[in-house]
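Chain IDs A, B, C and D follow the sequence of writing; residue 1 opens each chain.
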Amino acid sequence: MPIMEVKILPLGTKTASVSEYVVNAVKVLNKNDIKYELTSMGTIIEADSVECLFDVAKQMHKAALSQINRVVTFIELDERIDKELTIEGKLKSAQEKLMV
Amino acid sequence: MPIMEVKILPLGTKTASVSEYVVNAVKVLNKNDIKYELTSMGTIIEADSVECLFDVAKQMHKAALSQINRVVTFIELDERIDKELTIEGKLKSAQEKLMV
Amino acid sequence: MPIMEVKILPLGTKTASVSEYVVNAVKVLNKNDIKYELTSMGTIIEADSVECLFDVAKQMHKAALSQINRVVTFIELDERIDKELTIEGKLKSAQEKLMV
Amino acid sequence: MPIMEVKILPLGTKTASVSEYVVNAVKVLNKNDIKYELTSMGTIIEADSVECLFDVAKQMHKAALSQINRVVTFIELDERIDKELTIEGKLKSAQEKLMV
């Protein structure tokens, strides 16, 4: 399963607080019933296919852009074909090695 | 016009040189007749729509993944609706202000 | 307080699994007694100053590079001067707006 | 030689145009007599050491933050120890393979 992180940065928002724009983008995931994790630096999303991930990333970008004149969206897509990738699995693998 | 930068990072390659994977991804752009600029840190792409940009980003990612078991792709999408964005225009705007 | 996210990508690792390199970098944070949160896509770090954050980012990069010939490190630094930024505060602000 | 790309994103600016902030950050490089290339999506910097690169990145971030309440700075650091990395060398290597 591919995993994607999306970071929404609205430009020209007048104040330095931008979470209302980010939240509008994240609501897209609730509507699409997509598995995600919100962190302080972005939104990590897990889905069955890259097509699905790119589709929700596009919707998130457009949701933010419906509120403001300019949006810069950063996306990181991690996909491997030799092994299943999941949000929990990746994190657990690192945490276990940290314990040693 | 939206602008996108794509960075392809193949993981688990035998050597530290990865340009052959990057190049396979960039060839997708030639096939699709898309306007792009290759830099030492990524590929900057200009297209009429976000749909088109996401479509070629997906193709680039998949082209790299056809050669190796894992690919991490970083994407930055810059779109504004109050003004036309172009690769040349953005660069020129910064260069002119640098001169002052 | 500034917040930083660090993503370590070792290139040329022979296998697609790279968490052992990431973990070596994260151990730097334990040694420095720095507040951080590990996610499935990176490490989010909070510190009193940008100087401290850049210093640990450099140490993390070098720790990974001590094991492998090439490392690409992605860093995102978020700093604002009108308001305190914390990992918990940023996340809570977004989560509360999501509830509405 | 390590290479770094820096992207400066000021948040809370009055308009969607942000190049004046970016330019103030880039002027730091002129003052420090650092080799760099301006692209439409960021600034690519080459220096003898990671220490030097982190130092100018910090100065660039602070230069932008002196004009606005919040700045998000994205940094990508590429370093390999088995071979010299240069802006021209990396680009040429990809361009040559594209020709084939």
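Rule of thumb we're sticking to: contacts are C-beta pairs under 8 Å (C-beta built on N, C-alpha and C of every residue); 3 or more make two chains touch, one makes a residue touch a chain.
On a predicted model such as this, the values are computed, not experimentally measured, just so you know.
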| item | value |
| --- | --- |
| Interface composition of copies chain A and chain C: same or different, split at half | same |
| Distance between chain centroids, defined by C-alpha means - chain C, chain D (Å) | 19 |
| Interchain centroid distance [CA atoms averaged], chain A/chain C, Å | 17 |
| Separation of mean Cα positions, chain D and chain A [Å, integer] | 25 |
| Residues of chain C whose C-beta touches two or more other chains | 11, 16-17, 69-70, 72, 74, 76, 78, 80, 82 |
| Pairwise touch network: line, ring, star, complete, or other | complete |
| Contact set on chain B toward chain C in their complex | 9-18, 68-70, 72, 74 |
| In the complex, chain C residues that touch chain D | 11, 50-51, 54, 57-58, 61-62, 65, 69-82 |
| Residues of chain D touching chain B in the complex | 3, 5, 7, 16-17, 19-20, 22-23, 26-27, 30, 37-42, 44, 76, 78, 80, 82-83, 87-88, 90-91, 93-95, 97-98 |
